[in-house]
Each structure stands twice: as structure tokens, then as C-alpha cells.
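The data blocks that follow each hold one structure.
In what follows, chain A forms one complex with chain B and a second complex with chain C.
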Partner chain A sequence: MVVYAFYIFDRHTECIYSKKWPPPVAASTAKPRPQSTSSAATNGESAQPLTRRTNQKSDDEKLVFGVVFSLRNMCRNLGGEDNFFMNFRTNEYKLHYFETLTRLKFVMLTDTRTGNLRAALHQIWLNLYIEYVVKNPLSPAEHPGGMGVANELFERGLESFVREVLSAPS
Partner chain B sequence: MASTKAARIGEDVWKTRVDKVNAELVTLTYGTIVAQLCADFDADYAEVNRQLDKMGYNIGVRLIEDFLAKSGTAACANFRETAEMIAKVGFKMFLNITPPITNWSGDNKQFSLIFDENPLADFVELPDDGRAQDELWFSNILCGVIRGALEMVQLQVEAHFVSDVLRGNDTTEMRISLIRIIDDEMPPDDE
Partner chain C sequence: MRREWEGEKLPRVVFTLLIVSKAGGLIYNREFHAGLSKQDTNELLIIAGTFHGVHAISQKLCPVPPAQPPPSNIPTMPVRPSGIEVMESANFRLQCFQTVTGTKFLLFTEPQQPNIDGIMRRIYELYCDFAMKNPFYTVEMPIRCEKFDRGLDGFVKATR
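This part shows the complex of A and B:
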């Protein structure tokens, strides 16, 4: 499976963390090499949804939040308070969603063949976000503009989680 | 039913998922903090109460994540369930006590926790200056913790102590009132 992007939104609807992985260079390469730059040149062969790069980063975040927020509210309106959606897919990508009771929203975009990643997002919350962000005494309790979230331990943990757990050839 | 379930979760989490520290370390550390605050604010106990509440609040807004992660519970259906969770899981998990819940108001929006034992207040005697007995709420940090933690799960509450054995009262009682349920924030309108 291939992970395209990952976002965290806080209860103030602000995107406090976002990360994108450039699509793998060739389809035969099993592991995507994660890089922090989002604008890696791609050869248009491999089918990936991130080729139309006209949106700004913040636009993407707003769009992702918008779709997640509306879908979540729709589910709650139709199915009751504790009804939630877990993922949806288009022909190009699959969006996985996990929300905590504190209204933290975790979103991950992957390729369409991936199974349900709700458990994986739960793991990220439990083992990375809580350990390295919430329990970090020097990190602020609220994260305006993402302050305090993208610390080194969290980044590294996320990186290796995505590389070793999610992108492992199955 | 719901209450025994909460008790079981609390027991289970306490036994298997919590790192323990020496209780006296906690007691003495907390006592030192309060003593230092009293010194820093020249025994202005109203201000000490305020500071303790503020410290508690800052603890609470973080502690809730840890609480949710360790207890793995789903959202409470009503405020009575919330009270059960606080008393039987929350306090059990972090302080190994389960204060009984009493004095529900008619509208189910206010209740009291009775602290038969309070690890924070072991070995404590309030200063004998004639005012501390009437003004200082020694364990006021707990009010802040509850306020902060519940705010993060969309419950705005008010919490305060109404009696304390340290002041010579028969019981230590904390009153918690639900003010409102906070609505989800909406994203700002895009122009």
C-alpha cells in the first residue's frame, strides 16, 4: 500500500499537522521514499492523484477538513450521535478517518487497495500523539498553527510507523 | 449495571495499564507546591486557590487524552454516566480512590463527590493563622483538573469544594455543576 498524506485537525477546526509523501517513482519500488519536500518531480506514468498540483497546501487542508467535517455531520444526523464514517474511496484514493472524544481528527490518504486504517490512526494517536505531543511538558496544550506538534520525536515516530507498518510489502 | 461496569474498567485500568509512583512522593510534592504558593502570594489564600485551579486546569486538558487512551471508553450518554466515569475510572486510575457520588440535583446537572480518603491531603495541617481554615481549599487543584478535562470533551462545568476535613468539616465534598454542552466549532467561512 502507499500512503499519500496525513493530517491532524484539532477541535478548533485548525489543521495542526500535515504531511505529504511523494508518490513512489516507479510502480516496482515497493517502498515510497518519504521526503519532507512535497514537490518531487513525478513521471506521469504511475497512477496517483497528486499530479494536479495547483492547490496551495492550506487549500488542501481546508478541502480535506471540509469533506471530513460534512461527512461526519451527515453521518451523525442520519445515524445518531455515535454513528461515524471510517473511510471512503474514489477511483484514485481512499480517505481514512478517526476522531477522538476530544474532537481531534486524524485523516490519512492512501491508495485504493488499502484496507481499513482506523486502527492504525488509533495507534498513531495512542503511541505517537499522546506520548510525544500531549505528554511533552514543553509543548503547549493547544496548538495554534500547529505549534508543538511537529517535534522531532513525533515526526520520526510517524515516519517509521508509515514506513515499517503501513508501507511494508504485504 | 453502568456503575459496576465503570468500576470494573477502573479496576482493570489501574491494575494493568498505569505506571505507579510512591504515594508519599505525590503527597509531599503537592504539599510543597501549595506551601510555596502560600509563601509566594503572602498567604493570600483566595489567590492560592485560583492558582491551584489554574494549574489543575492545565493538567486536566492534557490528562484527558491519557485518560481516554488508557480507559478506551466511548462517549458518555448523559451526565450521570460522566460522573460515574470520573469517580470510578478517572480517580481510580490516577489517584487510586473512588469517591462516592451523592447529592444529585433534580435536573441531573449537579452532583457531589465525597472524598473519604484524599492522597493529596495526607499529613497535612493547614497554617494556624486563623484565616487558612476559612479561605484555603487545599486540594483545589482537583477542581481545575476536572474542569479542564471535561472541557475537552465538550462539557463546560464548574467545580468547587464545599467542605474539607482539613478545615474541621465532617467530610470533604466537591460540588460539580454542568453549565453547558459545548457545541462543535465550525470552520471559518471562506470568502
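This part shows the complex of A and C:
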């Protein structure tokens, strides 16, 4: 499986941590692109769908938050108070969601062939966030602007968790 | 074919079907089995509208560049981002099928429900046969076709 991105949102709806991993196939897809655009140009067709606008980083954060917030409320509304939203899938990616009791939201975007990652997000919260952010005496209780979250230990722990546990060839 | 038939022998629990028009309005809703919290029409309209918006955003959230088709002289349809296809929660699963014209079928089922694609295809057939081919039905308007209701009931409940 491939991990694309990871976000943490706090209870004030602010994105306190975000990380994107460059898609590993970028090098191989870069090659056929000039050919296909040139062939489209010779056909006289516009290559409009190929030049899809990529979002800014902060745009992405807001869009992700909007999506998970709406779906979470919808799940609560339809399935009762004890129901929780787990994940959704499109034809391009899969979004996984985990929320703690303190309304801290963990979101991960992966490829579509991935199973349920709720347990993995729980692990990240328990073993990385609690250990390196909450228990850090220098870190503030709230994290405005992501202050105190992206420390070295947390970053390194997350990096190795994603590389060794999630991206391991199955 | 054989597998589909076997799938239909299993007990199925389909909670609710919503049909959302391409403008985000709710044009049909039917509850087959109780299981979700009771919603009145206003709340269902809100759910349909919310999902319509979320579906549109989910198309924009592409973390990878879209896959390029192999270069050839034959013009091919570009792969479009589909938006949400399946959403899972603890108590139910939501399958969304969007037609080429933008109408969305939302099917709320149990989380372990097998063969939802087959059910969805059959429901789409019923919609085509009894709603779209009905000369008195105006597109994008609420569907009030008795035969469609009966067809759905017959299909979803009969094979239980």
C-alpha cells in the first residue's frame, strides 16, 4: 500500500500537523506525459483534463477537514450517537479517519487497495502523539499553528511507522 | 452470473435508498428496513445536500497526478475522479453510484452486506424502466411512480 498524506486536526478545527509523501510513481508517470500531450495537440484537442490544478497545501487541509467533519456529523445523525465514521474510498484514493475523545482528528490518505487503517491511526495517536507531543514538558497544551507537534521525535517516529509498518510490501 | 445468484440468496439488509439529482436535491427516498435513526423529510434533504457537496470536494482532493493513458492516436476518454464510492462507518455502509448524467444513488446497507454492486445495478435498471421511461415523469423532479416503488420493494424484500 502507498500512503499519500497524513493530517491532524485539533478540536478548534485547526490543522496542527500535516505531512505529504510524494507519490512513488511520479518518476515513471513523468515520462509518458509529454508524449500524450503532444499526441493530444496533434489531434487538435485541448489537453485540459491533463492539467488539473493542484491544490495549495492549506487549501487541501481545509477541504479535508470539511469533508471529514460533514461525514462525521452525517454518521452521527444517521447511525446514532455511538456510530463513528471510519473511511471512504474514491477511484483515486482512500481516506481513513480516527477521532479521539478529545476530538482530535487523525486523517490519512492512502491508495485504494488498503484495508481499514483505523487501528493504525489509533497506534499513531497512542505511541507517537501521546508519547512525544502530550508527554513533552516543553510542548504547550494547545497547539495553535501546529506549535509543538512537529518535533523531531514525532516526525521521526511517524516517518518510520509509515515506512516500516504501512508501506511494507505485503 | 452464478456468483451473483448465490449472493442474492444471502439475507440482505438494505436500510435506505436515496436518489439525489445532479443539482443536489433529494428526488427519491425509501426506507426498506429500520436500522438507521428516523429522519424526517427536512433532515433527509439536508443529508442529500451535504453529501452532494462532500462528494464534489472529494473529487478535488486528489493526492496523486491522474493516471495517464498509454499514448496512442485513438482519442480516449480521460479517467475522471469519481468522488466518494463507498463510505464505511461502524453501523452502516454507504454505497454511492453516480450516473453519467450526475444523478447519484445512495444506498445505506449493513456493513457486511455482500454484492452491493449487483443490487445497485438492479435498482438503476428499475429506475430506468419505471421512472425514466415513464412519460409523465419530468427529469430532476421528485419521483412519484408507484411501479418503481413496487419494483424496489419486490426486489429488495422478496429475496430475503
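The criterion applied here is as follows: the second predicted complex is superposed on the first by the 141 of 170 C-alpha atoms of A that agree within 3 Å, B and C clash if a C-alpha of one lies under 4 Å from a C-alpha of the other, contacts with A are read in each partner's own complex, and residues count from 1 in each chain.
By definition in this document, contacts are C-beta pairs under 8 Å (C-beta built on N, C-alpha and C of every residue); 3 or more make two chains touch, one makes a residue touch a chain.
A quick note: this is a predicted structure, and the numbers were derived from the prediction, not measured.
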{"item": "Partner chain(s) touched by A:Gln56 [first = chain B, second = chain C, both, neither]", "value": "neither"}
{"item": "Which superposed partner A:Tyr93 touches (first chain B, second chain C, both, neither)", "value": "second"}
{"item": "Touched partner set for A:Gly66, first chain B, second chain C, both or neither", "value": "both"}
{"item": "Chain B versus chain C as contact partner of A:Asn116, first or second or both or neither", "value": "second"}
{"item": "Chain B versus chain C as contact partner of A:Gly80, first or second or both or neither", "value": "second"}
{"item": "Chain A residues touched by each partner, larger count belonging to chain B or chain C", "value": "C"}
{"item": "Shared contact residues on chain A - chain B and chain C", "value": "66, 82"}
{"item": "Touch list for chain A against partner chain B, complex", "value": "11-13, 62, 65-66, 69, 81-82, 100-103, 125-126, 129-130, 134-135, 141-142"}
{"item": "Residue ranges of chain B touching chain A (in the complex, touch as defined)", "value": "58, 61-62, 64-66, 68-69, 74-75, 152-154, 184-188, 190"}
{"item": "Residue numbers on chain A that touch chain C, as the complex places them", "value": "4-5, 20, 23, 25-26, 29, 32-33, 35-36, 39-40, 43, 45, 49-50, 52, 55, 60, 63-64, 66-67, 70-71, 73-75, 77-80, 82-93, 95, 109, 116"}
{"item": "Parts of chain C lying in touch with chain A, wherever the complex brings them together", "value": "36-37, 39, 43, 47, 50-51, 53-54, 57-73, 75, 78-92, 108"}
